[in-house]
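First subunit A sits with subunit B, and in the next complex the same chain sits with subunit C.
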Partner chain A sequence: MSASKCLRCLVRPSPTTLPVSVPQHVPKNIAPFSTTGAKAGQNPKPAPSVPKNPNALQPYRSGKKMTLSKFKKNKVIDRGKAPLPGERKAWRKRISLSNDNALPVPWLTQMRPGDMADSGNVAKVFSLPAGLQDQLRACEAFKPTQSWNMFRTPSVLVRNETVDVMGRMQQAAGENKTARLVLTGDKFTGKSLMLLQAMAHAYLNEWIVIHVPDAQELTTASTEYAPIPGTDPVQYMQPNYVLKLIQNFRKANEAVLSKTYTATAHPELPQNITVNTPLLNLCQTAKEPEGAWVVFRALWNELMAKNVPRPPILFTLDGLAHIMKMSDYRSPSFELIHSHDLAFVRHFTELLAGNTSFPGGGAVIAATSRSNAPRVPSMELVLAQREAEQAPRGAAEVPQPDPFFRGYDKRVESVLRSVDVVRVNGASKPEARSLMEYWAASGLLRDTVDEKLVTEKWALGGNGVLGEMERAALMTMRI
Partner chain B sequence: MASPANLLRLCLRAPSRRLPTARAAVAAQKTVFLRPLSTTPVRWAEEEEERREDDDPSNQVFADPGEFLRSFLRDESITQEERQLAQSMLGDWSKVPKDTQKSLQNLVAEINNEAAPLRRVRVPKKDSFWNEDNADTDLITDENGEDDFEEDDMLAMGHAKLEEHREFREYARIAVWEMPLLSKLAKPFQPPVGDEVLRFRYTTYMGEFHPADRKVVVEFSPNDLADLTEAQRLKLMKLAGPRYNPEKGIIKMSCERFEHQAQNKRYLGDLIAKMIAAAKDPTDMFEDIPLDTRHHKFKTVIKFPKEWYLTEERRQQLEAQRKQAYLLDEQKRQSGTLVNGVEAIQEGLRARVNRIGEPVPVRRPLAPPRPPLRR
Partner chain C sequence: MVFILGVNFHAQKLVKKALESFYALGPQTSARILAKYCIHPRAKMGSLQPKTVTALTAELSTMTIENDARKIIQDNIRRLRDMGAYRGRRHAMGLPVRGQRTRNQIQTARKLNKIERKG
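Right, the complex of A and B next:
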């Protein structure tokens, strides 16, 4: 992405060369995309052969050269300072949310709390307010693979699915229930972005949001773990991950946490937390990985405390397949640990299964991934079954498990047995048009956004798969 | 080949055209009757030969006529007249002078000695390579000039062509004379009725022997068996295992275990009867075992969707959509809300230039006047 951006910088018209650099568009009767090779205008004539002057000096002599000195001198090539450890990764994972060279879009409005749940706002683009941006950034809702760095302000498109998901969240919060959703869909359709929208909606409506940006960090044995004493069967804590999560959580939910108070005292914590202390103070006690798990448990108990006013809570996770398989961790007897035996993951799966629920209502939303996802046959099957069951009666046949396949996992099935599956499809044409107008107004799509162009890109993007449309329209260098 | 000299030569030779002579007589083969099964070891042919020579009186060599007559008289199968004649001749022989008899005996001995090497059994020399020093007595011909074409016959290709013609004509005769008779044997096709659920397939190689001609294949569908319940049919499918085709719903079995087609068919029939009996047996209905279809690969035939055909109706629909799209664009264009990326960039750049404003040249302040060097 950075490469395309740099190249784009190279060909950006400068004010001085403006009349020259603005291209004269070719007449529009050319097929917009075709499998036939383009024909050049004229056959280029072969250059007139110039008789070679044998005495002319050769500019460069290839081949073997005589070494004049006896030993080769060691050339000292100055390659500059090598990047420090972790610097490359930080560069790769950096998230820039604005591009000063992009044009501001005149009709863009800032998102208000009720905007995304309103079906009248379908196919409209809203920009995220600055405070919300900070919150989302703090909980790592933005991903480096999303093209935020192209536009002046981060903005999102409200889609039918968005309104659907937000409506379910609102309804659950209104009824003090927990909505349990799984977002699935093809690659590049915007499942992670739908999560981001859900989070944005929650933040704007003063929910508490817990977000696991990438579930694989929990189960690929990349963070430390330890058995929790006194659990049977043994569960495992991941103190380092939890510490990072609490810190992000505190940063992102500062405003709400300062207004939410503890229901019980927590003498087990390093700092004595009494009743009616803001949860923010509780979060601030997590400073070292050693005590992080205790703090997390205290925080979780506080969030789940009944009979005290609690705001609705949104718990989201991206990359569901990673927590639906055997993890890469090993037990002391060197057996693989099931992901659901990791205590933090278990909190999520219990919520998703409906065994526990948030006291003030809320939602648990998991998004599947198509790009980095291990195959979990049970999950695939149950999600397909749930989808077929939710379809209008008789519309789809409920897939049956293969009786002779042994790779199914009962625990996974029990977790996903009753979730609601939301399929994120490609965008509709009005949505696609609205988005492309936003691109064009930002100065990133050098074309007139009419129905023809929209249809073309919509078709090229596999019936409106937004990521593919982005590839077809934004990431190409056709100027 | 067609040179005049050659032609002349052939003309001159024409009177001498005759049927190709047999170059050598074929040695009469002795027929040996061997027992099909025997525990006695096979004896060498040479021993057999010697024994026969000894037995056969005609092959016996006698030293003189007297000896011959005596041995003749020993034979009891001769008639009385012959015996008398032989006795009188023996009497005559005894009257012959002794030295004449002696010389005759010497002559016989001498001839025997001379002929001995011819009678000797030829033993191949030990050191010879493939016995090539000895002339091959088994050859029918002498191998000299064998492959030379004597120009008294057609070439081999001509013979082949003739043979081909003969074959054509043979089949043409069959087609004309014998095939029409087959129609008398033809039976009209009767489609199988409801209770004929088995379909057998046989293989024939038109009378030739073939290891596969005994094979019999049977196909039947469990759903055609009217006296089975649904559960029993399912059990029958499970019993059939990989012989059940879930896509067609057909069980297919074959047998080539026995020597004759009829035996194989009988076996298959019995087997199906056994399977049906087992399927009807209610003791274990295999309810805990799902129907296994892992052996079968389901083929999905992808067809062009009916909705995708460009019918007249669909064409009109598309036209209407395009017209609507065009109208929408026009409407937007007139109201000025149609977004053009290039214009947006130009406007943005213009706005930026205006915001920055015209560059103002910076003037260097004038240097203060120098004080005079000298007063």
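Right, the complex of A and C next:
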């Protein structure tokens, strides 16, 4: 082993050793904390000497002491200010629709009323106008799981399925009929986003929109319920949920509701509503959960009133499986209540079954979910059957029910027997390319969008499943 | 603050938990009471109507809970003791009743096995 300093250095100090010597640097490279107990044990630090307070009382007695209380008192640890009730949830559920760090996309155009029904616009990206954003936000169309917070302005891609759905809505409204659709498809393919597009289309074309953002809130026994007197078999109202829905509905549809007038008087309401009052005023009478159900019934009767001009209505619901099973509510005789016996849900299912229809035409659209959905064998079977029946003749075999399975539900089958099933698949390559160009223009995809990249991400995303493509392209940490 | 059967509950307390705080009223009975008055399982005391609170008090006052239920248990133990049964004697001594060994671990028996049984 060589000496760290040679003899000559001792005689004449060299400039390299003088100002900075190596051993001085060594302690600086060590992290000021240790992550493992073992490491900490290797290099024990001397305990910091705390200056003793001369005024502090010295223990007057050492040795064993009698413990007066049974248990040791826990130390009070100051953990800072705890969040207020509901604060954590609000943070978790917050929706931010813009990101100032993302680049504005110069070629992006704002969506106009007819844009999404035009097949020439397939594989184009449109931004949502500010007023529309407010309406969609008011009816809770945006979800916290969707990645709106990455882009400058919320924008949507027009796909083949979009044009198909909007075309059906337009056609039904033109013929004063009610289109009855169920959107289904694999996970992350954009079923909820298709609902959002349908709502955007409806708002832009001055339809009235009612939206149930999450069907599970209705049936998981998390909101108040009460039997409706005089119904046989007994139906149940959900006043608190309906109150929230009416308030959102009023905020989102303010412009249309102020131009739509009541057809009959409503003396049963707390404020007397006469004929030819705007529906907006009717909605404003709902202030307390107590009277909310009466207001909702009056509102529903007004929306369904015949022989008066009514705009087309869109009724959408996300998470269809939740309203196709027994709910978690119990009747006074302790039996589970079927979801279709909840009065609000029944309005939706009656429309979906085609037993009732909107007087001015419109659409009822339900979306299934793949991430939070109970298994409903009847629904899966009927949707598969409907899909096979709608396929070109002989293209698919109609699935048959399992004769040895008892869990089928007749009520569910009767509701879904005649709906149109729209399968939302992965995007095509031109659609994927257009979307990726939008990502690149926003500065989020830092690559040249060429055939190779599009094909790579399209394949990584399970043949164009948009959510998976987003994961593969935007959510990865590549710097 | 909501009063049920003379007990004061905080407005944030779950109705289900409040009901289950009464002696001899468990999950089964509380679920049935909730269903009977159409209260959803996640309801809090603060959200109850005054009418429902009165109805709950009336319902609970007809049930064998709290001291009535304790009395039944105590009577059973006393009967065993009075007839001189082994179980009665073991209860009176605060020892395990059903043949457990007593070398160690008889805290539960010490706590519960009494003539005037509380819990």
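Just so it is clear, the second predicted complex is superposed on the first by the 401 of 479 C-alpha atoms of A that agree within 3 Å, B and C clash if a C-alpha of one lies under 4 Å from a C-alpha of the other, contacts with A are read in each partner's own complex, and residues count from 1 in each chain.
To be clear about the criterion, a residue touches a chain if its C-beta (ideal position, glycine included) is under 8 Å from a C-beta of that chain, and two chains touch if they have at least 3 such contacts.
Bear in mind the structure is a predicted one, so any value in this text is a computation, not a measurement.
Chemist: Contact-wise, after the overlay, does A:Tyr225 reach subunit B, subunit C, both or neither (first, second, both, neither)?
Modeler: Once the two structures are laid over each other on A, A:Tyr225 reaches subunit C alone.
Chemist: According to the stated criteria, A:Glu206 is in contact with first (subunit B), second (subunit C), both, or neither; which is it?
Modeler: A:Glu206: touches no partner chain.
Chemist: So, does A:Glu175 touch the first partner subunit B, the second partner subunit C, both, or neither?
Modeler: Neither: A:Glu175 stays clear of subunit B and subunit C.
Chemist: In the overlay, work out which of subunit B or subunit C sits against more residues of subunit A.
Modeler: The partner that reaches more residues of subunit A in the superposed model: B.
Chemist: For A:Glu437 in the superposed arrangement: first (subunit B), second (subunit C), both or neither?
Modeler: Only subunit B; A:Glu437 stays clear of subunit C.
Chemist: Can A:Ser331 be said to touch subunit B (first), subunit C (second), both, or neither?
Modeler: The second partner, subunit C, only.
Chemist: Is A:Glu288 touching anything from subunit B or subunit C once the two structures are fitted on A? First, second, both or neither.
Modeler: neither
Chemist: Any idea which subunit A residues touch subunit C in the complex?
Modeler: Its residues touching subunit C are 221-227, 236, 328-334.
Chemist: Sort out for me which residues of subunit B touch subunit A in the complex.
Modeler: Residue list for subunit B touching subunit A: 290, 292, 294, 325-326, 328-329, 332, 338-342, 344-346, 348-349, 352-353.
Chemist: Applying the document's contact rule, which stretches of subunit C touch subunit A when the two form their complex?
Modeler: Of all residues in subunit C, those touching subunit A are 31-32, 34-38, 40-43, 47.
Chemist: For a test of understanding, state which residues of subunit A touch subunit B in their complex under the given definition.
Modeler: By the definition above, subunit A touches subunit B via 13, 15, 18, 22, 25, 103, 403-404, 437, 439-452, 455.
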